[in-house]
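Two complexes, one shared chain (chain A), two partners (chain B, chain C).
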Partner chain A sequence: MATNPPTLLLLILDLSPSTWGHRSIIRTAKDKALAAKKKSSAGPAVIDDVIESSLAFIAAFCALNRDNVVVVIGATESEVGVVYPRKGGDGSMNDVVNSRGSERVDRGLMNDYVRLGVAELVKRAAERREQTEKQREQSGEKIIPVEEGVAIASALSLALCIINRFMVASHAGVSALSDATTTYQRRDDEGVLALMGGDTGSGSNAQEPPQRGLLTPRTLIIQSSPDRTSDYNALMNCAFAAHKQNVVIDGCFIPSDRKEDPTSSPYLEQIVHQTSGNTGNGIYLSVPKGPAQVNGALSEVLLSVFLPPIHLRKEMNLPKLNQVDFRARCFETGECIDIGKVCNQCLSIFKERPRERCWTCGAKVRLKANGGSAKRMKVDT
Partner chain B sequence: MGGIKRKADEDVKSAPPPTKRDKKASVATTSAPSAATTSKDPLEEILASSNSLFEYLENLPPRALKLIYALPAPRGPLVAAAVLRSSSLTDLARQIALRLVACGGTFKIQTIVESWIHRHGSRDAFVALRRLECMGILMPLGLATRPGEEGTDIDDEGNEAKRAKLMEMDACLTDQFKTAMAAYLITSCSSPWPLITREQIEEYKKNGDIKKQQDGEKESKPSRDPPTLKELESYTQSSWDSVLHFLVGSDESDRGEGIKEPDEAMVGFLTQIGLMQSDPDYKGKDNSRAPLVITSKGYEFMLRDSNAQVWQFVLQYLNALAHHEQKDQIRVEALSILICLGSCRVGEGYHMSVLGSKYARVVIKDFGRFGLLFGCRIAGKNAFYPTEAVVNLVASSEKAGREASAIIGQSVAASRALEDALAAPVPSRTHLALVVQTNFQVVAYTRSKLHISTLGLFCDISTFRKLPNVIFFHITRDSIRSAFRLGVLADQILRFLHVHAHPMLRNSDQPLVPSNVIDQILLWDKERHRVVMDEVWVHQCRDDAEFTAARHFASDLDALAWGAAHTNKLYIHIHYAEQVSAYVRRWRTKQAGR
Partner chain C sequence: MSASSPSNTATASTDPRPQNHTWEAHSASSHWADIQEDADGNLLLLDPSRHLSIASQIRRRRHRLASTDVSRREKRLARHMLRHVYLILDCSRWSREKDPALNNKLRLEIMISTSVEFVLEYYDQNPLGHLGIVLVREGEAEMLTTLGGSPKRHTLALNAALVSEMKRSGGKKGEFVGGEFSLQNGIEVAGRSLGYAPRYGSREILVVTSALATCDPGDLLGETLPRLMSAGIRVSSVSMQAEMHVCKRLAEETGGLAGVCLDGRHLRDLIMGHAIPPPVSASSFEREALEREVEVGDSNNTTNGQQDHEHELVCEFVTMGFPSKDGRDVPTLVHSTGGVIFGSNNAAFSINPAAVDDRRNNRLIAFTRTGYVCPRCRSRCSDLPSDCAVCGLRLILAPHLARTFHHLFPVRPFEELDEAEVLANIDTNGDAITSDVNGEKINGMRGLEALPVLSSSAFTPLASITSSSASASFVVSSTNSNSNIDIRQNGSQSNHDTTNSKIINIGPSLVAKSTDCDRCCFGCLKIIGCKPVPSSSSDEKKNRKCNSGSIAAEETESILRFQCPECKNVFCPDCDAYLHETLHNCPGCLCS
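Right after this comes the complex of A and B.
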């Protein structure tokens, strides 16, 4: 029976004010209708539900092991910030890293900081959004593009940096890039070849939980806004980096009830699929619409689905990703395309040939002498 | 044979009863009139042999555990969470328990085993359910085994009917655990009692003095500032060190500044546990005034790591409670307080007034004597501050579990502290770092007499070289064998070497102790049992006939140790010598008379 390894959980919360604003409008309308029929709420989750459920989830997570660490990151359209642990004062990152023997996460502080941080981030994002709206009105038209979706890619890269820092700290100063399973004592019956053959992610060494109380990192992304298409590249790069570092990413998508809103995030699915490797399986769940999102049911969902630690997941029946949409997407607009143009420097795919420069790498687009008909390369999907 | 004195294990019960010695002892020992009689309760015996705090909890019957869960918030929830994360439950058990708490209600066991868990995990599922029942989390299912009983393996084919019946039953959380855990998930309080806040101290400083003058009170001790982390640390070290020094018997001059003798109650306690005994060599008239010397159990105690040491004390304290009338109630209080102390942070204190019952106050006072708590007077009221010792005690027992952890994963802070201490040119008294070389030389970075004495248990003391910050010892066959003679085990020596190995060794992939040293110590251990000495009486038989006859007789009596047919010699155990020689005489007379 595997022992209980301490885990580092990074929780990334989607806090974009526009999405949650819409949701609360939908919710109040629906609740009114249902209350007229004397039924309890069945509407989509509002941001309060999500925060409450996340706090319950974190509490349960901390109950699993005294050394479990949680870092909460809030992501809005324009900003990404670490909500808990908060800079300076009690409960800062230093305290969490250096706590001796007692519980790593102070839950009283955590509850306070999460609420405070979320409120701050949402307020700032809303203010910034108002400003850009004003500027757009003043300056006329679409000079400043509207950014839809939420900055998940930035949040994920911030998360990976934090994970790296924790891994360095918990290796007691040794670089996190050195493979944990081969640096320490080898078992008596292993030959020299076993030592030589261990590189990250391959071989049987990677299957075992790390020894000696090192933290196992994992990430949980709770998203409810549609994907931001311009971030696709960055997002996939983060996913590859996470896979390399053996970080498992779980995804939870909370859809609204409207038919026109997406029910799932294809980018999130791809990321979760990418990081399911030898060390563990990512879990992706799109929370079913309706009563599963309200009245504390969301905490039931989170606790049942996302709580099990990585080495336990193969023993339990958890939602599996069946069909991941892997069709090629245009790097500029995010649509799925069958035929497109490819930049020959960075190999990014576009639906329409960029006029001046490639959007990704900035290479100049050269036209043939005969002007119009540029090279056309088929992209096989 | 009085050559080598064996300090044999003293029977705990035959130690002089402590009631004679200490007048100011705690409630438990003074009100234990029958301390000398053995307790026949098998439960108590099993409890007395627990190796860690959570093993003790496992051995308690579930109803006692439920009592602890039912304590008012936030203590009950903290205990529930501590039990949940302890190593008494498997990982799967934790997931099942949390799911049941979150989703409420009851589920058929069939649902749990078949839909929640994959087929190849079903054995683990049954183990998990059994553990949950043992710890009082699930309502009784008939799965739990009391310690000492054989458990039926549910997966055997012979138990098909039983298994089918089990599947139909419902798994239902006990109410106490459910409320406790639900409260834990919802509340945001992480400290079991209300803290002493800075505002309180400030307010006292401003108003309290005035009030004191008004009341004209007999407040003997003045209030002081809350202790700093360093102060708490040095307090733990000094109180613990004083006990260890006392055990080893180091003189006044050796101990260094700041270490005093432990008080009477502790000394009595040490004797009661069996770590020390009256010197059997004492030739004086009054036996009760004999000086105390360490027993072999005491040596074993010295070699263990500090968490195990602290646990031994607490365990004996809990055992002493077994004779009290109100033992269940006190036990519940003591255990809950211990676990709650484990969830506190070092450096945060509580007033004594937050404790409800008088038993709680007594328990806190006793723990203070062990060095687990720091008692002082803050803001006009008595207060106690948990120290690292008790927090680490609960933390390590959550992780260690059943197996004695040979290599203890040091926390980041501890290893960093050790490295800082080692970086100083003169090593501190508290940290010990060893490097064992392949030529059986041990290099110890320490200056403390205590560490020297501990190492001197199994290293050769006569040839040590002492530099200002480093001491060189040799491990020799004689030194290890003398350690074995004292009752120390090879495992304990090796574990001691592992635990105190130098942190730089941990970065490389060499084993912490060279393999030839490990093998050699184990071989020397095995050597002890290769040769068994028996005292025999040699009988030279006159001829073959006598030899066969006498040999038959002796082997019937089970007295024969060895017979050599070609020299006609018989080696008889000394106790049977009389009988065999009488038989031989009779046989000879019979032969002569024939």
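Right after this comes the complex of A and C.
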């Protein structure tokens, strides 16, 4: 383990009150029924389980290497927030980035911050929901309801920003902004350029690629709400940016055991697949339904699947992502299609070629008869 | 920077006409200001940028990126989403010279290493694009790689070319290794191949030259240019040495861009600028318009960003396949480009991996467990995007389309928050804020420097997460605390000056919006827009444990704040650059 580099873990928690409220209703009902039969709970996980398991997971993660760093981000329907570390105060983000203090993760503080932060985020989301409901009642008209799902794309963007900050800091040397040599290097361009490894070819083309920062970044998303369609492009942007910086994204989906709810998150699958292209070791897991989600079993799942350091993963028998559904959806009808017509201006996908105008960008469709004859324009020589 | 406007000179290096170039705008004497004498009487050339604070450097960089941005990436424009680009590299004897502007390295080396970067960036930005590379030396053009979709192939070929070219230079000591540069031959070779590129995509040529002259068999401007125009090929050029008139003319006529690099970094900026898909040019609109006249004329105009509004956007639908990934227990035959697959441990066995530089793409056959199944002919291929080896269907993944979308819907540029203005606003709002002064900050400081002061909150009890009043004792004596907002004004200090500096306590409260705390970056929680409390100010350091030293270093940089015009969240310069240049998302706008 001597070569095990310290890791920066970004943990993204889905805290959407509506999802978890729903789960807890199901859980209570089921538990009652099971208790009548003197059986232990087998219902879906509720938010307490997840928080508890996550904290256990973080504890284990910090135990792997005392230089490991954890950042926890919470996401609700319409808000995201970094719950640990906070912007100021004790063990603030500044301290963590500049690795001041003996240990980089203050566990007691973290437990408090995470619990309090989760509570605050959930409260705010609930209040917000209440307010919109009230407004709707008052005005009498239908206000567009808050979109279901959770702002995972926003949380992931935030996570990547934070990774970027860590990398800038570690690349320039810890708190080395005062250092004369690095300030000189940072002149003009490099100061704000993301100084991630390999990305810094500017001006120093023939130099060997700079060493990686001290920390190996990785991200774990724990999601339980259904995907949000409007987030797709943003998620893909995140996936490509993460891929560029060799950030491994792991996804953990916690399904409820109702039939109507999705059992998996296709978007999460896709971003995990997209970022694991190089090294092939991003992990996606949809936690099995039933008893695997309760009574501490969730901690076990997290620990056994997501804990191993990235470079050990290929030696282990971990869940593999073999079949990923990449089929696109028709922009018009919404059905899944294998072969589609793609507009060359706006890249919308249609099952049938629109007759006159592209539905999305309004461009006029070039008639095929004409297009066919002059399909190829040669440069005569 | 230089050379962005027309000139009528035959060769720009010898006979510059006194207009239109940036450097000509300076009066000649102004350059003497940059030269100073040191104590020993040596002349020193002062780098003007050296005097600038980091903040103004960042501003300059933003400004420069915005101004040299060839593709206007911040704007919503109609763009060529499916590009076909040929990169013409000048490997003539001119490229074998060491260039003092480029760290005293061979131009060839710099050019090829920048090109490798460009290839990667190109495919990153345009997953659906095609790229080819042409080398020009000895007055001849050689097709290094044909138009294709595999970055691996190009980078391999480029690296191999660099090795072989360096060997040639090393072997013969003569200065004529590499011979002359022939622009016409290069463009003919590339253009002929581009002529077969489908019409729904763009056709572009990017020339990187080191030569000061071109040695052509015919009349470039007379013969080749009209054909380029008729085929709608856009020729851009980046010169490593000096501007060539012919490049400039070609760029002007075909709607491309001509640039001359100042140094290595600028060269990289110029070349990388071409990785962003260019706006659909007016000339191609005219072409479309001409074609449409033949068709049934129908004048329903769609507005189109900046171009002439009379031109209507015309689109064409391209049939593409969206394969699904398929894993099996036993390895099966797949078509591969030889790119990714041999590196991974997926491949059980592969036929002829040596023929990676095979002219035809996608013709290698390998045994692997996983592959993408073509929806039309059910053949399997290993890496995407590519054309199906059997039926020729263009195979892509939905993420590749999504990758390209950010060009169409870019993140709006963030606005810099002017500190003086913000403070003035707060004051007029009477937001329970009283101006406080610490005497030493006022003299001679302009608006921007009159900053709020960050007090390092050494310790704040947890209770203050929800009730902020508890942390008040750690700020200065009395505070007007807004209930949940961490900006606290120190009203009790009784210096009576009028600068707008105030004391902010950055506590550990949650930031889910920048209205919660507008002094820390929404993205990375970096504390911005304020300075740590100077330890020398005597009345404050009593009740504060000050660890300002570490923050002081970032001071100049961290006074900059940028605000997203849509979600009003505040970001630090690092996140601003990262969000716009790499991520293409605004985290604030995503959670509305």
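Heads up, the rule we're going with is that the second predicted complex is superposed on the first by the 277 of 381 C-alpha atoms of A that agree within 3 Å, B and C clash if a C-alpha of one lies under 4 Å from a C-alpha of the other, contacts with A are read in each partner's own complex, and residues count from 1 in each chain.
The definition used in the following text is that a contact is a pair of C-beta atoms (placed from the backbone, for glycine too) under 8 Å apart; a residue touches a chain by one contact, two chains touch by 3 or more.
Here the structure is a predicted model, which is why all the values come from computation and not from measurement.
Colleague: Contacts for A:66 in the overlay, against chain B (first) and chain C (second): which applies, first, second, both or neither?
Modeller: first
Colleague: Give one of first, second, both or neither to describe whether A:258 is in contact with chain B, with chain C, with both, or with none.
Modeller: After superposition on chain A, A:258 lies in contact with neither partner.
Colleague: Please work out whether A:303 is in contact with chain B alone, chain C alone, both, or neither, and reply first, second, both or neither.
Modeller: In the superposed model, A:303 contacts chain B only, not chain C.
Colleague: Looking at the overlay, does A:112 come into contact with chain B only (first), chain C only (second), both, or neither?
Modeller: A:112 sits against chain B and chain C alike.
Colleague: For the three-chain arrangement built by superposition, which of chain B and chain C touches the greater number of chain A residues?
Modeller: C
Colleague: In the overlay, answer first, second, both or neither for which of chain B and chain C A:39 touches.
Modeller: neither
Colleague: Pick one for A:134: touches chain B only (first), chain C only (second), both, or neither.
Modeller: neither
Colleague: Just which bits of chain A does chain B share with chain C as contact spots?
Modeller: Residues common to the chain A contacts of chain C and of chain B are 98, 100, 112, 183, 186, listed in rising order.
Colleague: Provide the residue numbers of chain A that touch chain B in the complex, in ascending order.
Modeller: 1-4, 55-56, 59-60, 63-66, 97-103, 106-112, 169-170, 172, 174, 182-186, 195, 211-213, 299-300, 303-304, 307-309, 311-312, 314-317
Colleague: Could you please specify the touching residues of chain A with respect to chain C in the complex?
Modeller: Going through chain A, the ones touching chain C are 75, 77-83, 85-90, 92-94, 98, 100, 112-113, 116-117, 120-121, 124, 151, 153-155, 157-158, 160-162, 164-165, 168, 175, 177-178, 183, 186-189, 191-194, 201-206, 231-234, 236-241, 244-245, 270, 273-274, 277, 280, 320, 322-328, 337-347, 349-350, 353-354, 358, 361-367, 370-371, 374-381.
Colleague: Please give the residue numbers of chain B that touch chain A in the complex, ascending.
Modeller: The touching residues are 81, 84-85, 87, 90-92, 94-95, 98-99, 101-103, 115-118, 120-121, 124, 127, 181, 184-186, 188-191, 342-346, 388, 391-392, 395, 398-399, 401, 407, 409-416, 503, 506-509, 511-512.
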